[in-house]
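Two complexes come next, and they have one chain in common, subunit A, joined by subunit B in the first and subunit C in the second.
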Partner chain A sequence: MLKKTVAALAVGVIASSAANISGAGASFPAPVYFDWAYMYQKESGNKVNYQSIGSGGGIKQISARTVNFGASDKPLKPRKLDKKRLYQFPAVIGSIVAAYNIPGIKDGALKIENRDLADIFLGKIKHWDDKRIAEDNPGLKLPHKEIVVCHRADGSGTTFNFSYFLSHISEEWADNVGIGKALDWPTGLGGKGNEGVSSLIAQNPYSIGYVEYAYKKKNGFSAAVLQTKSGKWVEATEKNFKAAAKYAKWSPKEHFYQILALQPGDNSYPIVAATFILLPREKSEMNKEVVKFFDFAFNKGDEDARKLGYIPLPTETKSMIRDYWREHGIY
Partner chain B sequence: MTLQNRRILINKTVMVLSTAAAIGGIIFLFWILAVLLFKGFAALNFDIFMYDMAPPGREPSGLRNALVGQLMLVVGASAIGVPAGVLAGTYLSEYGGKKSRLARFIRDISDIMMSTPSIVIGAFVYAVLVAPFGHFSGWAGIAALAIMMIPIVLRTTDDMLQLVPGSLREAAIALGAPKYKVIIQVVYRGAKTGMLTGILLSIARIAGETAPLLFTSFSNNFYSTDLNQPIASLTVTMYNYATSPYEEWIDQGWAAALILALFVLGANIIGRIIIRKREGEH
Partner chain C sequence: MNRTMDILFHNITRFFALFVLIVLIALFFVLFSEAKPAIDAFGLQFVTNSKWAPNMDIFGGYPAIYGSIVSTVIAMIIATPVAVGIAIFLSELAPPWLAATVGMAIELLAAIPSIIYGMWGLFYLAPLLRDIWGGNGLGLATAGVVLSIMILPFMAAITRDAMKTTPSILKESAYGMGATRWEVLKDVVIPYVKSGIIGSIILALGRAIGETMAVTFVMGNAHKIPNSIFKPATSIPVTLANEFTEADTDLYYSSLFYLALILLIISFTVIAIAKFWFLRNLQEQKI
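And then the complex of A and B:
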């Protein structure tokens, strides 16, 4: 009798602790993960506690196995995943815009060639009425004001994706600054987090910076029209982000390692980025619980993701991810 | 200029400078308080106490889980930190003696610990209680706060007990009281105001800490009283909310700051009332 009670208690304890999932990492998808978790808790009673500590922190904590899942805006290469014994799959897509604050110039009115954007961030184009910008904007009256460049001061997945983009359009950027979560910036002001850069842009007239689309939307910023891979003008709209996301060539064999900048296509916005989930390979029981949550999010979370300024994964990608889970026995 | 005039001049100059410095400090203090009260009360409502955190744009949302978590962390840390600190302080003052090497060593170590940056304590507890166990937990947060608390309580207890005149102890011993009775009934009674102030200060100190909690108790978006799980705290929530892009979160961050400030203030006032009442009785 006593044995049975103890056994029942033990089962109860295990069952109830399995319902508490903790995750940590990238700050950019944190609002949507929290929203999904909020809905998931209402429906299943399971609590998914996601804490935003940055992509670098997410990779560290999942490598130390102190959380049940990690999240990173920067995908890990398959070799690294094998070394750290992790699974990886994308969860949601976001995009990065070049947001500017020039009094009198509206959202989407300013066109900047990708190459010129790199030179602005390199500090080579110094004034808004520079010939190279003026050429592309014959209808605009550009002020002769110095460009205030705003960038991230902390380690950031957003910076990683933005610098990846700049490195692929400008050799000088690739040679002198390169790709990374934290960079040696040639010019400009640094802010902490997307929110820090946002307030720098808001406070400094004639500034430009890169932020996640959700922050642009939230702050009512103006975003520059950039170019597709082949050089066509493309506005920073949700439709164009989605167009770019479609071209992603996901490969489950590579654990979905894929950087989404500069996709082909006439309407593909050049700087979109997926954010990834990392799971510890040896913890198959807990992984099943985590996967249940993301399965729920894939089924019912698209509308909320859109509302917060994210792009849900295409249906084909989702079923590819479900196959990946099945293959590894965690679905 | 006569010597007297020169001294008067120096006196006046220093007076003016120190008054100006005091006013400068007070201006900032009141500025902080005014902003805190203004923004905090604007954001304070009943929902804050009734509901848990919610994603931006979802209603209703509050800070109940963070309030409960904060209380558990502070109470837990005090339950470990206060007895340990008081006993250690008693040892130093009553048993250690001035020449004891061990007592001197403990005093030095506790001074070093008091000035250790709190993030270092957080990192230590992370390495000892989080990484080996494979999860963040409320216990780890309590341990980190208790470690911060012990040297503060220890030092003030030690100092306060030493202020009690030795003649009182001698008188009690002369009457035949055993040492433990001397300590509890004579020395503690004489030093209780100072000891209680030290304890309250240490509680106020740890209640406002964020750094040792970031990587120990972590945070939790949901209501949880399980100390084996990550648990929410007002300070970490404040830190997360204040830097978020969502207005309702920023407002709630101010509300959290106000509640925390009022809690610390309240603890102080209650402590002082208790002391005064006791003093009236005797």
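And then the complex of A and C:
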């Protein structure tokens, strides 16, 4: 009995002497990072502790060097990375859907033109049976109800990517609201986090909001059919997200700075977004440990990422990232 | 030996008392120095500017200040008469067994953490109010109702305790002179406990204006001056809770501190006015 306890204690001591990695940032990829961390610990004994505090918090914490890696949905420009002495690479791709809650209208049944989506979020299209929505949905009986717009109340990488998309399809949006992680929303209700927006959508009939696809999947929401860059209807499905992701032109020289919205192609869903990892340049020993974790995730984590509603990076991108690590001596 | 103990004790307690003062001054100082960049950039216009666009580095605190004040006022309007009513019933009218039971329930109500009120407000009250008032059930009015329920137990309990301190001899004399129950209440009890009631209002005001979690759930979180109290809005603590972790530009961060400083000044002013003006007036009246 005593021996067993001593053995268990010894194992505990050994385990805790293994590398512990701490990371913080974006909430958008948090579910898949948690999953990878769990798998990684089972396999290597190394613990990865990820705090889902939002992209801004992630950037702040890694800039202050209080964590081993930061995570952000908004990529940092190469100049900023040099200033903060950070490395950057993408980890996984997600997509943002326009989720609606209209009793009687099923998932994927409602088509919304990209321009009209911008006008809904601008508060210019006020009712669901507005002519501009109705003309795209001849078969649907749209209710004469006010549209309840739901958006993020906190700063968010999801908002950054969504507003980037809206700014590129609507001049009025670009001029009056613009791109950013926190905006001066013209209309609507605010919720904290993807979770907060999800609960607002679930609670309010006749609402629409934007959430990460994983949250749409988890909550069983209905997502609108949007348009590709060239104006073709495109459903919010994993196949179409993947079609968009494949057009990404990654450049390791730019530290993979790239925003994925509105890619060309007939099946490219318009709002996909990569989420990024930030590493402190001077901590090469610890970086090796962090990179080991992401290398493991790239090798074994695709299946789980897919199950959670994310798109794993294409194989070519992964080998590009490994070259980037090698070049900087952290692999 | 005894004397050293005395001196020691004296100094320790004095340190504790001064410590409160030091914390208060330090708090003011930190808030002010963190808010300095925003104060320099926006000045007093911050208070009247209603545009809050972090992505353009434009910050105006008016919607948050407005929301804080209006939701608190709504809460006070609802809670004060109800609380005084409860207190009167419990201290003057109810049979002892009922007063004890209800009194206990009210004290328990005061112990409920505010997040529970927030969840209740979001999941039960908001849909209910949505059906009654229209709109989406989230906004200043809902926040006011939730706040009023939160502060009710405080106000009722303090007012009741104050009423219990009315000397029986005063009431009995009034009854002896043929006064009715209503007259005794109106002319003896309430004037006697006026300062207790105002004290309870001040404490409740302090809690309501700084309340964060419960209000975050039901306020709707929109940086707008709503054109009706049934529309979404925001308040200072709600803005701080939502946006602090993500405030990544210096001006954004500093503007949030500016808001916090304004909140502190508002609560400070309310309490100062109450303490030095109302209470002094009362004392003068009594003499």
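Basically, the second predicted complex is superposed on the first by the 313 of 331 C-alpha atoms of A that agree within 3 Å, B and C clash if a C-alpha of one lies under 4 Å from a C-alpha of the other, contacts with A are read in each partner's own complex, and residues count from 1 in each chain.
One rule holds in what follows: a contact is a pair of C-beta atoms (placed from the backbone, for glycine too) under 8 Å apart; a residue touches a chain by one contact, two chains touch by 3 or more.
Bear in mind the structure is a predicted one, so any value in this text is a computation, not a measurement.
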item	value
Combined model on subunit A: subunit C and subunit B, fit or clash	clash
Touching partner for A:Asp184 - first (subunit B), second (subunit C), both, neither	second
Which of subunit B and subunit C A:Lys192 touches, first, second, both or neither	both
Partner chain(s) touched by A:Trp233 [first = subunit B, second = subunit C, both, neither]	neither
Partner chain(s) touched by A:Gln41 [first = subunit B, second = subunit C, both, neither]	first
First (subunit B), second (subunit C), both or neither touched by A:Arg65	first
First, second, both or neither for A:Ser22, with subunit B first and subunit C second	first
First (subunit B), second (subunit C), both or neither touched by A:Ser52	first
Part of subunit C, among the options 39-47, 129-137 or 183-191, whose backbone runs into subunit B after overlay	183-191
Overlap of the subunit B and subunit C footprints on subunit A, listed as residue numbers	192
In the complex with subunit A, residue positions of subunit C that touch it	51-56, 58, 122-123, 126-127, 130, 136-138, 216, 220-223, 232, 234, 241-243, 245-248, 252
Residues of subunit A defined as touching subunit B within the complex	17, 20, 22, 24, 31, 34-35, 37-38, 41, 47, 49-52, 64-67, 192-196, 198, 214-215, 218-219, 307-308
Footprint of subunit A on subunit B - complex, ascending	54-58, 130-131, 134-136, 218-222, 224, 226, 228-230, 240, 243-246
Complex contacts: residues of subunit A adjacent to subunit C	53-57, 59-60, 148, 153-156, 163, 177-185, 187-192, 199, 203-204, 207
